[in-house]
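In what follows, subunit A forms one complex with subunit B and a second complex with subunit C.
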Partner chain A sequence: MIAIEHLSKRFKTAAGKDHLALSDINLELKSGEFVSIIGPSGCGKSTLLYMIGGFIPASEGRILIDGKPVAGPGPDRGPVFQEFALFAWKTVLQNIAYGLRLQGKSKAEAEARARVLLKMVGLERFANFYPKELSGGMKQRVAIARTLAYDPQTLLMDEPFGALDAHTRTHLQRDLLQIWEEHRKTVLFVTHSVEEAVYLSDRVIVMAAGPGRIDRIIPIELDRPRQRSELMFDRRYQEYITQIEGMIDAFETEAA
Partner chain B sequence: MTANSKLIGLVPILGLVLLWGWLAASGMAPRALLPSPVDVVQRLFELLADPDFLAQIGTTLFRLVSGFLIALVLGTVLAVLSASSEVTQTAVNAFVRILAPLPKIALYPAMILILGFGHSSKIALVVIEAAFPIYLATYQGMRNVDKKLVWAARSAGASRLHCLLFVMLPAAAPSILTGARVALVISCIVVFLSEMMSSTEGLGYVLIDAARNFRTIDMFVPIILISALGLGLGAGLSALRRKLLVGYPQD
Partner chain C sequence: MTRHIPSICAGVALLLLWEIAHRSFGLSGLPGPVSAFRALPELLSDGDALYDIAQSLQRMAAGYLLAAVFGISFGLLMGTSPLAERLLNPLIMMIYPIPKAALMPILMIWLGIGDASKILVIFLGSSLPIIYHAWQGGRSVSQIVVWSAAAMGMGPVQRLFRIVLPAALPEIFIGLRTGLILALITMVVSEIVARSNGIGNLLFNSMDMALYDRMFAAIIIIAAMGYVLDLIFEAIRTRFLRWSDSGEHIQVAVG
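== the complex of A and B ==
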């Protein structure tokens, strides 16, 4: 379980002023829960994920993971970035085996496990390719496999499908959901797409900017496992989307 | 590079040789001072059959390559040190800022006094000249590494040191090799210069010795050879670059 208590983040601007990026965030994530964050650009979604990842320190408040405060990055929390962040000098297989090698597994053992993950993301034919030889969607599949390889309890996904075309995006959403159904990791998923958030999540957190804060949390009570084709005809699904889009529109009218 | 564009690269060289040939033939400069390229090439092949002369090339090549390689290691180690923490960064940068604007050749007399007239003083001069571009390129390259690459590694369980050596350093490889290319050219210049100034062997010495004795043809041979060495080593570095950077974007 992840508990976020009174979390704030201030950045020093170049002019030397304090900039309050996140203000008093309180949130609990249950184990195995899929939670999406949606909100306008600059409301601190990435910053929140980075603090949970232990990549940047909090200014105030704390983050507890199973009762222990976060003090830095660790293999219990695996990030997936919009920009993939793959190791250019490693092949697909070596990228995925990376975390396993760090855990002290032998090369053969790590690569065998990496092949299983590669198969899971449907890229077994690309084991010896370099990242630059793959499409965006394939790169993100590799990045997801690289993170799943060290078996983190929590996935921190920052607009992972934001750079992909609509078709690829739909595929990856479906596959991610399938992987999640199977492994039930806690997922914190930042997105700009309301549809994506509703389709994937148990709860959708709507954030507001200036300063970044949680505006509302909406539980998505749709049955699982979910099929996109079925949801399209589900009135509740449509209502969730309309409701959340209405809220975001309201912010934007406010801001304008 | 395609075969075609390689051929185009030969055009300026050919042009230069033609210009030289025309100048020599025109009689604008006395023949004794400006020999024709044909005479020089002929002399070059004569000398290449002479084991003593080959030893001179060997000497220069040895100084050049060892100086360059030591600079590569030194520059890279300093850059890693600099990237490793705030304290080391301040220390290394202070060191670099003091030494960088200094004409390193000014240290050469001191090096000769300390290290003698042999290989060591030449290699030392090459090292301090060539280490700077490598340091600067590597340092910049490591600073510009995408943070997310490091975060991805740290989350996978990598230590800070592991990240520095096995994530940031390889991520900076394209910059390091660009620095190395500059450093190689500098090494060629500096080794030749150091041998011209004080040496009893090497191509630079051959040139000075020929000049002192008014053997003008023999003056041009080492010039051609140091260019050829630079060209050959540069081509080797390019091949290595292609091999090392196989997975990197572009290049």
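== the complex of A and C ==
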């Protein structure tokens, strides 16, 4: 379980002024829960994710994981970034095996597990390719497999499908849900797409900007496993989307 | 084979121009390419000349390798630590435009005319572009790539060697190539200023004795050394950077 208590983040701007990026965030994530964060740009949703990852320190408040405060990055929380962040000098297989090798697994053992994951994301033919030789969608599959390889309890996904074309995005959303159904990791998923958030999540956190804060948390009570084609005609699905879109529109008119 | 045709044409054109200049000026200090190339086998079978070339290459290798190790470490430190960057940036920018070979007389006073002063000046001459490019390479390493490694449990020191260094390698190689050419130039100049042995010494001794054929043969040897070193360098670089978009070729400006 992840508990976020009175979390704030201040930055120094280039002009030397104090900027409050996140103000008094309180949130609890249950184990195995799929939670999306959505909100206008500048609401600090990625910053929140990076703080949970331990990549940047909090200014005030704390983050507890199973009762222990976060002091830095660790293999219990696996990030997946929009720009993939693969190790360009390693092959696809080496990328996926990397985390396991760091945990002291033998080369053979790490590669065997990497091959299983590679098969799961449908890229077994590309084991010896370098990342530059892959398309965006393939790179993101590798990045997801690389993170799953070291078996983190929580996935921290920062607009992971934001840079992909619509077709690839739909595919990867479906695959992600399938993987999640199987492994039930806690997922915190930052996105710009309301439709994506509703389709994937148990709860959608709507954030507002200036300063970044949680405006509302909306539980998505749709049955699982979910089929996108069926959801399209589901009245509740449409209502969730309309409701959240309306809230974000309101923020943006306010800001303008 | 067809990709070599332009460079062969350029080589032939250069030799033609040389021959034309030789014939039209008729200077004894400008022998034609034919006589210069004729002096080549004689020079290369001369034990003293070979010793000179070997000495030059040894000093160049020593100075260049020192510059590579020092320059990459220093540059990456600057690229990853904002404090080191703020401290060292003004220093680098002041030292960069000084022609390092011009320091040779002072170094000779301090260290004598032996290997030490020459190796030091080659080191100084080639290290700045290596520092500069390692710094830029280190700076441009994507934060999220480093974070991805941190999330796997990799500590800061390991991240510097196993993530930042390989990620910065394409840029580092640009600095290493500029540094290699500068090392060759500084090596020759150092031997011209402090003559004891070496290819620069060979060149100027030949000039002193008005052995112009031999002098131009020495110039051809220096050019060939540059060419061969660059070929070796490129082979190493493409091997290391197969994974990179910049694996194909790089262009270097020596200012």
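Assume the second predicted complex is superposed on the first by the 256 of 256 C-alpha atoms of A that agree within 3 Å, B and C clash if a C-alpha of one lies under 4 Å from a C-alpha of the other, contacts with A are read in each partner's own complex, and residues count from 1 in each chain.
We take it that a residue touches a chain if its C-beta (ideal position, glycine included) is under 8 Å from a C-beta of that chain, and two chains touch if they have at least 3 such contacts.
All of these numbers come straight from a predicted model, not from anything done at the bench.
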Superposed partners subunit B and subunit C on subunit A - clash or fit: clash
Partner chain(s) touched by A:Gly78 [first = subunit B, second = subunit C, both, neither]: both
First (subunit B), second (subunit C), both or neither touched by A:Arg169: neither
Partner chain in contact with A:Lys132 - subunit B first, subunit C second, else both or neither: both
Subunit B and subunit C contact sites that coincide on subunit A, given as residue numbers: 50, 53, 55, 72-75, 77-79, 81, 83, 85, 87-91, 98-99, 102-103, 130-132, 146-147, 150, 152
Footprint of subunit A on subunit C - complex, ascending: 142, 144-145, 147-154, 163, 166-167, 169, 242-245
Subunit A - residues contacting subunit C, complex: 50, 53-55, 72-75, 77-79, 81, 83, 85-91, 98-99, 102-103, 130-132, 146-147, 150, 152
Residues of subunit A that touch subunit B when the two form their complex: 50, 53, 55, 72-75, 77-79, 81, 83, 85, 87-91, 98-99, 102-103, 130-132, 143, 146-147, 149-150, 152
Subunit B - residues contacting subunit A, complex: 146-149, 151-158, 162, 167, 170-171, 173, 246-249
